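Several structures are given next for inspection.
In the two complexes below, chain A is the common chain; its partner is chain B in one and chain C in the other.
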Partner chain A sequence: MVAIKQQFEVPAKLKTWSLALTAIGALAIIIGFVHWGLSPDQHQKDIFWGTVMYNSIFFMLITNASMFFICATTLAMGGWQTAFRRVPEAISTVVPIFGLIAFSVLIYITWGMGSSTHIYQWLNKAQLEKDGNAEVLKKLGFLNPYFFFIWTTLAIGLWSLLGYRMRKLSREADEASLKGEEPGRSFILRNTISAAVFIVWFALTVGSTIPWLWMMSIDANWYSTMYSWYTFASSFVSGMSLIALWVIYLKNKGYLEYTNEEHLHDLGKFMFAFSIFWTYLWFSQYMLIWYGNIPEETVYFKHRVQGPYKGIFFLNIIINFVCPILILMKRSAKRNYTLVTFMAVLIIFGHWIDFYQMVMGSIRKESASLSWLDFGTAAFFVGMMIYIVANSLSKKPLVPKYHPFLKESLIYNT
Partner chain B sequence: MHLKYESPLREPLVYGTKDYHQVTEDIVRPIEAKPSKLWYIGFFISVSLLMFGVYAVYRDVTYGIGQWNLNKTIGWGWDITNFVWWVGIGHAGTLISAILLLFRQGWRTGVNRAAEAMTIFAVMCAGQFPIWHMGRVWMAFFVMPYPNSRGPLWPNFNSPLLWDVFAISTYFTVSLLFWYSGLLPDLATVRDRAKTKLRKKLYGIASFGWIGSTKHWQRHESLSLVLAGLSTPLVLSVHTIVSFDFATSVIPGWHTTIFPPYFVAGAVFSGFAMVQTLMVIVRKVFGLGDYITMGHIEAMNKVIVLTGSIVGVAYLTELFMGWYSQNKYEGYTFWYSRANPFSPYGWSYWGMMTCNVLSPQIFWFRKLRRNLYVTFFMSVIVNIGMWFERFVIIVTSLYRDYLPSSWSVYYHPTVWEIGFYLGTFGLFFTCFFLFAKYFPVIAIAEIKYVLKTTGESFKDKMDVQEVLETEEFAHKYVH
Partner chain C sequence: MSKKKFVVAAFDDEDVLFPAVKKVRTSGYKIHDVYTPFAVHGLDHALGLRETSLHTAGFIYGITGTTTALSCISWILTADWPMNFGGKPHFALPAWIPITFELTVLFAAVGMVLTFCYLCQLAPFVKKHHFHARATDDLFVMVIECTAKTNVDDLMGFLSSTGALEVNVQVAEPEWWLGTYDKEQQLIKGSHVEVA
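And then the complex of A and B:
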């Protein structure tokens, strides 16, 4: 019998690097703030805050996707993911912290900057009246800072709280008292109930209202019923890639003995399948708007396809569709640690670009330039994410030893 | 080497102490015995309905579709509603056989055969509506693009209606292949047990000379996986394209970007409901409760509550956007023609909401998921609801045109429209009764495949492994 490495110890190097990345990112944000944020030109300010906003939303949603993954597999009575389930759990501990950052940014934009910002036109009632924008004026029942505040607080708060509950439940799987049929059954049942609550709340927020409120309302006149599901697909496929990256990292460090190519293969399948799913939603939204050719709807894509965002528009499809379908299609590719790592990084980058064009494409219509501020802000979040996830990983054993489905996850062929 | 381990917490997929032979006996019995009285009654009713449908169609061809109550405003009525309804029902078979195979869901084995058969029959029924709606049905071959002497008369590739032709015919072909290739080993089993010469001959031809060699099995497995891989995008494409029939237009209530995934979710929803209807009956009539267990029924009810809720989110999204868009036509369609219970068709919207979104929520409760009466009742309710959904989409968007002078307040189907619809029920059930009589309704070979890991009697022997500590277990069994 071989004892396995149960406890992750954060390597000093990882700590240093992640903190360095965070520091570099923070520096970039500070310089960006001085450069753009303090500019007398409101548009410059908006560019700064828009950049911080899409980054904070993106990184919060992709870490929250981990909790969605846990809850979805729990509801589906999945067993295969038990061997590495502590990894998405650790990733989801980032949600409250990134949530707080995103919350502060969003609330600063809607309350701090208020009517002076052009990010959300709907904040400036006087201007809307002056422009005679009757449509947006009629939407103010939904698009107003009060509702925005309440719904944002509830969304982030409940994701964090319900995620915490799931993680707390998971601790029981380390105790021998979970052995046997009755405790196992009750454990599964309690997990199922908690997961169901999370999923329902997730559907009411990420699956519908939140992307409308935070992102779609930047183009306050424009609308698309697909928008939220599209945002979900984008963040979920990146979230799966993030899980794969951490699993591979831990494997490389000699942890997670029970996780093998079979599990990697299935993570690869998720990355592949949801890349296609994203493409499916992308195509459905784009094609129907193109085919209908109604000016109120095509206005969203006009400058994205023909204007300054043209390059990014096509890059988005190449990275997020063409690459995954060609590279991840093969069985051997999904079982290859190097290739999956490469694809995971590419997919996260690709969807970060997608979020960039979704948000900045609406704030900064005149030009598209990914500057050092974009990369710097992303570095800040990535560095912080690495630091927090590594720290959380070290807090619990990496394998939920007494989880009723763990053995299923060990003998597992895909 | 172990390929699979299943927690004892999971319900067995096959109940009782059965060996391979017993499985064959149980499933083949209905094929070898004389049909019951119930079967004859059901078959007679189905054939009668079919005959009525044939007569209704005969009249359609003879007198033209003017005998339907369609008018200039409501140019699509029951026919397209029924078409979409049947196509949607067809989706569950492919979902169960292909997507659940890819997801390695063991419980599919109990229900996949019947669900796949149902898919094929449902698609056959669906196909009737566009074909006979053509009016001059003898010109149907015009939809095929091939070199001809008709001058500029050439299929319009920009039209989603044409995409439908290709999507549905491809889907039908692949589903048929999938179903039939799965049937081969089971048909061979029936052949080998046949007592009469004729029976042996017929099942021999039908089983394509299957001898069950390793090579046959190996090819069979690869073929299943390939067909599953092909069917998955196909099943998504079919209802996606059906949704395009509406969404590519600029009709309020039709032109909405969420349509494709929401149609697919709705299709799976209605398909599972139909599978439940059939399975509850089949397990009762043929006494197959050990194979189509409460666990199967519960799993399908979970799919129903999931897809029903997805569809619910989509309905609410649409309704919300009807207001949020501040497009007055969208607003009128959603908030007056549909959601206002006092508008002429408001009842159909609320019927849809009640049947599809509210009532399936009872399946959050385990007790109700595992109640056969509730399951059967709900499966019928869901199918009614999904019929309403298509009716709501089609008729409420059409009956108030942009031009008030062409508003058509009410649309009553004629007896021939209803007859046509009833006729497809006849077709569907006639096919299903014949299938249930002459083919194994449960995939014998696949049940045997899962018997040793998930059968009740085999689960009892798992204690040895289950008591082991994780490390010991891993050391002993993991390679």
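And then the complex of A and C:
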């Protein structure tokens, strides 16, 4: 074996830039807080907290998608990702920190602002009773601050904990004691069990309840059975793009010698396939509501398709469907580092816009404005994500040397 | 249609086959084809085959399906026979998407299957010479086309040295011909093949 660069060293430039980005973002959030958050008008406050909320949820979910990717490939007995497996592992270390931020924001909204906020109308039971809103009153067993608190704590806590367990197991792959058939088998078995537990919890949260609780309940009267899958598809495709970006960055810096176009091709396939999957869910949700044309259902789309969010709504489809299907379709495109980088950035941006219109489109129905606050908040999370991921990458060897499936990844052929 | 002379070598291991393919090609022999019981990854590269254009054909069929569906439905429902379905506009694009999707898939799938059959010369009653019956079971069969200059004995010795289990010479028809299964055996034994 040729000597390879095993240990990632964080370049000083990356550190400076990520911290600068975080600082700019933090500044934007502080100014936004002074500007909107302290305003006596509850609607202004809601806009500020809504912006921080969708950003923290989005960035937490796309980093959590990395752990989902590891667990899903582990359960599928996949070997191809072993060569760069440490990258999604490092990305998933962000989950506890972003989780804490998202948790604080969500709990502040439900417990701090409580019934005065209009973000979640179900917090104000008196108003619901006054309005005779039987539809939402029926849902209060699920939509109440207590359940919200417990379920949010459990969700974020278990994602972090189970993710930590997977990463801890992965450390064993650096030890020579894993050589040989018996230890290898037991390692894979333990990995499989941990991954299965994570996947089950992931399905119960990201795959169903969490998007209902955090985002769909902003329109408490409206519901869609596609919503959670839609959120999952959105976060997973952006998560795959994020992994691709980090892999390409490390390759650019001369690391990950064993990862090549074959692996990039498969990451590209994931980005392509899940963009189509997202569109499938988008369309299934939209078409049925459009066809049925029932006021209770169309209320969600009215101001999005025909109102102020029209531009963003269609931009969303162009970025997240038309671009991936046309650009990523060719085999040579998925094996091209520049094109995959471009598409990954575009897809992450597109799904960030998607989350923007999902949350802000319901909080701020009268006008759509992607302002400096949105971009500033995103910059805060992006900067922090870069800093934490780079740090985590430098803590472990980049290649799990004794992983039983490593060879499969080295000779991988798409 | 003319018969040609082939040297046929059978291998029982991919790991032997790959170096053999490489050696045969670097020695300047022309490989007619390699018949394997299953798809062997990377063999097309080793043989130096060009990338298939089947997927380009598939894309074109798909696009044809999309345009067929959209132009047909929009012409029928807006120009030829406009009808009111649930108060929707005549040009009701979202409602047409599922059918457009289905037709895209149908055109692409059927078109690609037929193109694949055409490229592989597969059709009912089309017969091709089988160089080795066990190519469909457990042997990898490499077939080398002989030219006027080829020294067959040298080549056979060379193939044995690369690890071939058995080597023989066959004079066979490389193209397809019309026939049925009951006549096939006779054809091979009779006029089409002579095993040396």
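Definition applied: the second predicted complex is superposed on the first by the 413 of 414 C-alpha atoms of A that agree within 3 Å, B and C clash if a C-alpha of one lies under 4 Å from a C-alpha of the other, contacts with A are read in each partner's own complex, and residues count from 1 in each chain.
Heads up, the rule we're going with is that a residue touches a chain if its C-beta (ideal position, glycine included) is under 8 Å from a C-beta of that chain, and two chains touch if they have at least 3 such contacts.
On a predicted model such as this, the values are computed, not experimentally measured, just so you know.
Partners chain B and chain C, once the complexes are superposed on chain A, run into each other and clash.
After overlaying the two complexes on the shared chain, residue contacts for A:Phe314 are found with neither chain B nor chain C.
Contact comparison for chain A: of chain B and chain C, B touches the greater number of residues.
Once the two complexes are laid over each other on the shared chain, residue contacts for A:Asn413 go to chain B and to chain C alike.
Of the two partner chains placed by superposition, only chain C is touched by A:Met329; chain B is not. In the superposition on chain A, A:Tyr291 makes contact with both chain B and chain C. By the touch criterion defined above, A:Trp372 lies against neither chain B nor chain C after alignment on the C-alpha atoms of chain A.
By the touch criterion defined above, A:Thr225 lies against chain B but remains apart from chain C after alignment on the C-alpha atoms of chain A. Of the stretches 8-16, 44-52, 206-214 or 296-304 listed for chain B, only 206-214 runs into chain C once the two complexes are overlaid on chain A.
Chain A residues 291, 413 lie at the interface with chain B in one structure and with chain C in the other.
Chain B contributes residues 2-10, 104, 236, 240, 244, 247-250, 255-261, 309-310, 313-314, 316-318, 320-321, 324-327, 364, 465-466, 470-475, 477-478 to its touches with chain A in the complex. Chain contact summary for the complex, chain A toward chain B: residues 1-4, 77, 79, 134-136, 138-139, 142, 181, 184-185, 188, 196, 203-204, 207-208, 212, 223-229, 257-258, 280-281, 284-285, 288-289, 291-292, 294, 296, 399, 401-402, 404-408, 410-414.
For chain A in complex with chain C, the residues that touch the partner chain are 283, 286-287, 290-291, 293, 329, 331, 413. Across the complex, chain C meets chain A through its residues 41-42, 55, 59, 86-88, 94-95, 97-98.
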